[in-house]
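What follows is a set of structures to go through.
Note that chain A is present in both complexes that follow, paired respectively with chain B and with chain C.
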Partner chain A sequence: MPSISGIAYKNLRRKRIRSILTVFGIALSTWVLVSLFGFNRGYEASLNSDIDNLGFQVLLTAKGCPYEAATLMLQGSKSLRYMPEAVMDSLYQNEAVDKLTPMLMQTVFDVNKGEEGGMVGYLGIDPATYPSMKPYLTFSSGEWFKDREAKEAVLGYEVAELEQREVGDLMLIPEKEVEVLVVGILKRSGTQDDGTIFMPYKALQTIFDVQGQLTSVGIKVKQGADINAYEEELYSIHDVQVVSMAQVKNTISNLVSTAKVMVMSIAIIAILIAMVGVMNTILMSVLERYQEIGIMKSMGATTFHIFRLIWFETIILCAIGGVIGSLFSIVMARLTEALIRYVLPYAPSGSLIMIDFRLVLESIGIITLIGLLSGIYPAFRAARIKPIEAIRSSEGEL
Partner chain B sequence: MSALITARNLEKIFYRGSEQVTAVDKVSISVNEGEFVSFVGASGSGKTTLLHILGCLDNPTSGSLSIGEVSVFSDHKSLTESKLTRLRRDNFGYIFQKFYLIPTLTVKENILLPFAFYKNPINSSNAMDLAERLGLSHRLSHLPKELSGGEMQRVAIARALINKPKIILADEPTGNLDSKRSLEIAGILSELHKKDGITIILVTHNPALASIADRRVQLQDGHLVQA
Partner chain C sequence: MKARFLLLLILLLPLFIHAATGCDLNDPDADVKRLFPQSTGYKTTYMSLTKTGGAEALKRVERTLGDKFSGTYETIDVPYSIYIVHKGKDIIGYVHGVNQKGQYGGLQVFLALDNNGVIKDFYFQKLSSKDAKLFKDKKFTAQFKGLSLADFSTYDLATGKGNTKMNSIKNPSKDPKGDFAAIMRAVKKNLALMQEFVYKH
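Now for the complex of A and B:
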C-alpha cells in the first residue's frame, strides 16, 4: 500500500542529481552550524579549563596593557615589565591569601630553533609553592628541582618531545651560554604547561641578571574569602596590575567575540542559502508535478494530504542533509579546529570544538525546522492546485 | 432506474482575454444508475467541459447539478472543496487520455494510490483481483515507463475502479492508443458496465467506441443536439 511518505521519498529519487545537490547544500549548512555551536561550547570549556589549571585566582603583573598581559600570560610569553620581588612580603601579610607563587618569564632567541630560528621561553618558578598550586602536573620521569638556585630544568611534554630530551641531559640557554640539567619530564597535561621549560626562578634571575625582579605573582585566595574585596586592596599597590581570572576570561571572550559574530553571520548566510535551495528544489518539483498533484486531488487527496506530501519531501531532504552534515562536522572537526586556531588571536589549549550527540540532534532539529519553514510556500502552492486546472494545463500541452 | 446525475441548464463560460466563450450552453441531462452514456462531438463542442462538470471536477457558471441526493451546484453556490473531495472520492473513478500514472510508483502502487489518502477496507488482494481481471498481474512490480500504452490505460482503469466507484468518467480513453488497444479498452468498459453495473460516461471522437454505450449524446457548440 503506498503511503504519503513513500511517495515523497520516491519522488525525490526522480531527479537524483537535483536532490543530491540540495542535500549537499543542507549538509554544508549543518556542518557550519554544528561546528559553530561546537566551537561556542568547546571554546568556553577550554578557556575555563586553561584558567582553572593556572592554580590561582588572581595574578599580579607589572603594570602594562591588561589585554596584552592576559594574552601573554596564557601564551606563556615574555611580560613587558618587571616588579620587585619585595612585593611578595606585603602580599603575605594579607589574611585573604592562602598561597603565593612568584614567577619570572624570560625569553631568548635560539638560532637553532626551526629553519630561521625562534624564541625560546623559560618560566622561573618557586619549587616550594608552584607544584602545590598545579597538582595535575605529574612526571613521566624525574621530579621537580629542589633548590631555588639550581641550574636545573623541568620540561613540559611537548618541549621534551620536540627537543628529544631526557632526564640527565644538559640544555644550553642560547645567548647566555649557560647549561642547565634536565631533572624532570612532565606528562602531557593538555595545557600551556606542555610547551613550557620550567626553571627555579632564583637561578633564572641570576642567569638573566634580573636579581630581585619578577614578572608575575600567582595568588591563591583562601576559601570563603571575598576575592573582589581582596582585588580592591591589591589595586593600592604601586606599579602592579591585578588580573583576576574572571577578567581574563572576559578579556579573551571579548577578543574572540568579533570572530564569533563573523562565524555566526556566515552560518546564518549558509542557512539562508540552504533554505532558498530547498525552496527552489521543492517548488520546481511541485511545478513539474502540477498534473500529478491535480490527479491525486481528483482521487481523494485533500489539501492537507498534498501539504503533507510536499512537507515530507522537505523533511527527508533536510534530515538526510542534516545527518550527513553532522557526520561531516565530526569527521572534519580537527581540520575545522586547525582553521579556527589559525584565525583566532588566542585559542585555549583544550579541544576547541566540542561536538556531542545532543548537539548533533539539536542541529539536525534546527535544519529540519528551517527546511519545514522553507517547504511552507511550495507546499501551499501545491495544496492549492485544483484538479481541473491540472487537467486543463495538460490539455493545453496537447 | 433512479437518476444518479441530474443537471439542469448547465452553462460554462470561459474568457479568453476580452472574448467570451460559452463552452456549455444551457445543457440539461440526467444519467441513470447503471447507464452507459457516450458524449460525442467535434473538438470544441464542449463534451469534455460537460464531463468535468458532471464529474464535479469543475463548477458550472450557472445551472444546477445533483449527484444522487446531494446538490453539488445550485444558485451559483458550490459545495466546499473538502466536501467535493469526499464526493469525488466516494462516487467517481476518472480515466483520462494521458493516463496520469505516477512514474515513480509501480503498477501495484499506482492502482492503490487512492488509498494513500484515505483508509478503505479494500485491501491489496482486491488490487490483485482487479489486476488479474485487467491482465496486469504479471506487471504489478513494473514502473509505468516499462508498459505499453494499452497497459498504462488498463492501469489507469484499475486505479479508477479500486475504490469501487458508482460512476466512471472516461475522457478519450483511447485517444493515445492504436485501434487494437482501443478495442481492448472498449471491451473492458463494456464488461464493467454489463457485469458490474457501473455507470459510465464516456467522451470520445471514436464512433466505434461511442457505439458500445446505451445512449449516445451529441454535442455541438456547447448544445445538446441529440440525447
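Now for the complex of A and C:
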C-alpha cells in the first residue's frame, strides 16, 4: 500500500519544473532569512567585541566638539584637542579606579605615500600601564618598549607587513624626520591595533612638541565599583569629556534594536512572499488534479487522506527549499559579508554574519512552519472536492 | 549620546590607514592612465609563485634576481597584481609593482613595461626616505626608461656594479646606507617576477 508521503513526492516529481522553481523561490527566501538573522547576531557581537577590546570601561578625552575632532582627524589634522597630563593626578585619588593609562594620538601627513600623500598615525602609550589593559596583544617578535622617552616603536601586524619591518629596523616619522627603532611586532589581533604604530607617549610629546599633553586617558574601575557614580564624579572635572563604554554599548544596543526591527520587517516580507508563492503553486496543482482527486475519493480516500496528501506536498517543498537556502546562505556568507562591508560606512572587525547550527535549524523550522500554514487552504479546498462533480467535470473550480 | 558614539567611531578607526597588503595600485584607473596615456582600459590579474611552479619557480626568480627572497615578507604565496594594459583590443603593456624593504619602511615600486619587457615608466607608490624627493625626481626615474631584464641581469646587487648602462644610473642620495640599493633590488625583482609570470610564456 503506497504511503501518503510517497504519493505526495511522486506528485511533485510529475511537475518537475514547477516544483524546482517553487523550491528555488523558497530557498531564496530562506537565504534572505538566514543571512539577515546571521547579520543581526554578527554585527552586534562584533561591535561589542571591538568595544570590549578597547580594554577600558571609561575613556576620558579632551573636551571639544567631537564633530570638529572627527573632521580634523579624518582630514589630516595633527590631533584631537589636548588635555593636561596633570588630570591623571586627580583620577588616581579616586578609590573606584583600578587602572589608568594615558594616551596621546598624533598624526602626520606623509607626502610620499601614493600620488597625493596620506596620513600616518602614532599612538603614544605608557608601557607600564597600557599592556595590562590589553592582555590579548601578544608579540610575534620583540617586546614593549621600556623607556617612556625612548624613540622606539611597536608595530601592529598589518603595519609591519606593509612597511616590511622587523625588530631592529628603523622607521622615519615624516615631517619630523625623526628615526624610530622598531622593538616589537605584534601578532594579528583582528582589531584596530593591527594597523597601529605604538610609541612611548613621552617620546611622542617631545617629537611633536606637546609636552605635558594627552588626548585621552583609559580608565578601568575596580570590580564591584559603581561605574555610574564614578562617571558622575568625572563630569565635574573641567575641560574633559567622559565616554563610558557601558553607555556606548547601550546606545549601540538601542541602535541595533532599531536596525533589528527593520531587518525583521524585511525577513517577514520575504516569508510572506514565500507563503504566497507556495500557496499559489499548490492551488494550481489541486486545480489540475481535480478529476484525479475525485477518483481517489470515490475509491475510498477520505477527506482527511486528501488533506494530508496536499499538506505533505507543501511541507516537502518547504523543507527542501529551507535546507537548500540554508546551505546557500552558509556558502555565500563571506560574499554577503564583503558586500555589507562595501556598503556600510563603518563595520566592526570580526565576522559580520554569524550562522551557527542552531540558526540554521530555527530557519528551516520557520520555513517548514510557513509551509504548514500555506498548505492549509489548498489542502482544505482539495479535501472538500465532491467526487461525482469532480469526475464529471474536466477542470477544477475553486 | 551622539557625541559619545562619534568619539567611539574615531577610536575604532585604524590609526594607520593604508592599502591592502600585497602591491596593488591605490587608484588603478588614474595610475594606469598616467603611466600609459594612450591606453583605453586595463585588466587586473593576480599571480603568485605557487601558481607558476612553487619552490622551483622561487628558485628561478632568485637565480634571476641574484639574491634570496626574505623569509618574512617575500614568501612564496605573496599575491602579485599585474595590470594588463589595452588600447582597444591590443595589449600595449603591463604595470606591475613590488614591495621592497627600505631603510625606513616599505617601498612600493611600480614599473610600466612594454610587450618586450622594456621599462617605459617608473612610479614610486610608497617611499619612506629622507631623500624621497631626490628619488622621486624625474631626473632619477628617467634613468630607468629603456632598460630591461637583460640590462639588470648584469647588475650585481651585492657590489652595485653592472654593464655600462647600469653603471650610468646615478644615486642622487649622499647617504651610503640610503635606499638606492633597495630601489635597484626592487626594480630587478620586479623584472624577474614579470619574466616568470608573463614574458617567459
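By definition in this document, the second predicted complex is superposed on the first by the 354 of 398 C-alpha atoms of A that agree within 3 Å, B and C clash if a C-alpha of one lies under 4 Å from a C-alpha of the other, contacts with A are read in each partner's own complex, and residues count from 1 in each chain.
Everything below uses one rule, namely that a residue touches a chain if its C-beta (ideal position, glycine included) is under 8 Å from a C-beta of that chain, and two chains touch if they have at least 3 such contacts.
Worth saying up front: this structure is predicted, and the values here are computed from it rather than measured.
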Partner chain in contact with A:Leu170 - chain B first, chain C second, else both or neither:
second
Classify the contacts of A:Arg334 with the two partner chains as first (chain B alone), second (chain C alone), both, or neither.
neither
Tell me which partner A:Asp194 touches in the superposition: chain B (first), chain C (second), both or neither.
second
After the superposition on A, what does A:Thr303 contact: first (chain B), second (chain C), both or neither?
first
More residues of chain A are touched by which partner: chain B or chain C?
C
Touching partner for A:Ile295 - first (chain B), second (chain C), both, neither:
first
After the superposition on A, what does A:Pro387 contact: first (chain B), second (chain C), both or neither?
first
Chain B versus chain C as contact partner of A:Pro2, first or second or both or neither
first
Can you pull the chain A residues that chain B and chain C both touch?
none
Please give the residue numbers of chain C that touch chain A in the complex, ascending.
1, 3-19, 21, 26-27, 30-31, 72-73, 99-106, 124-130, 132, 136
Can you check the complex and tell me which residues of chain A touch chain B?
1-4, 6-7, 10-11, 13-14, 291-292, 295-303, 305, 387-388, 391, 394-395, 398
Could you pull out which chain B residues touch chain A in their complex?
48, 52, 57-58, 81-82, 85-86, 88-89, 92, 94, 96, 98, 100, 102-105, 109, 112-118, 124, 159, 163
So in the complex, the part of chain A that touches chain C is made up of which residues?
50-51, 54, 59, 61, 66-67, 69-70, 73-74, 80, 105, 107, 110-115, 118-123, 156, 158-159, 161-166, 169-172, 174, 177, 179, 192, 194-197, 241, 243-244, 247-248, 251-252, 346, 348
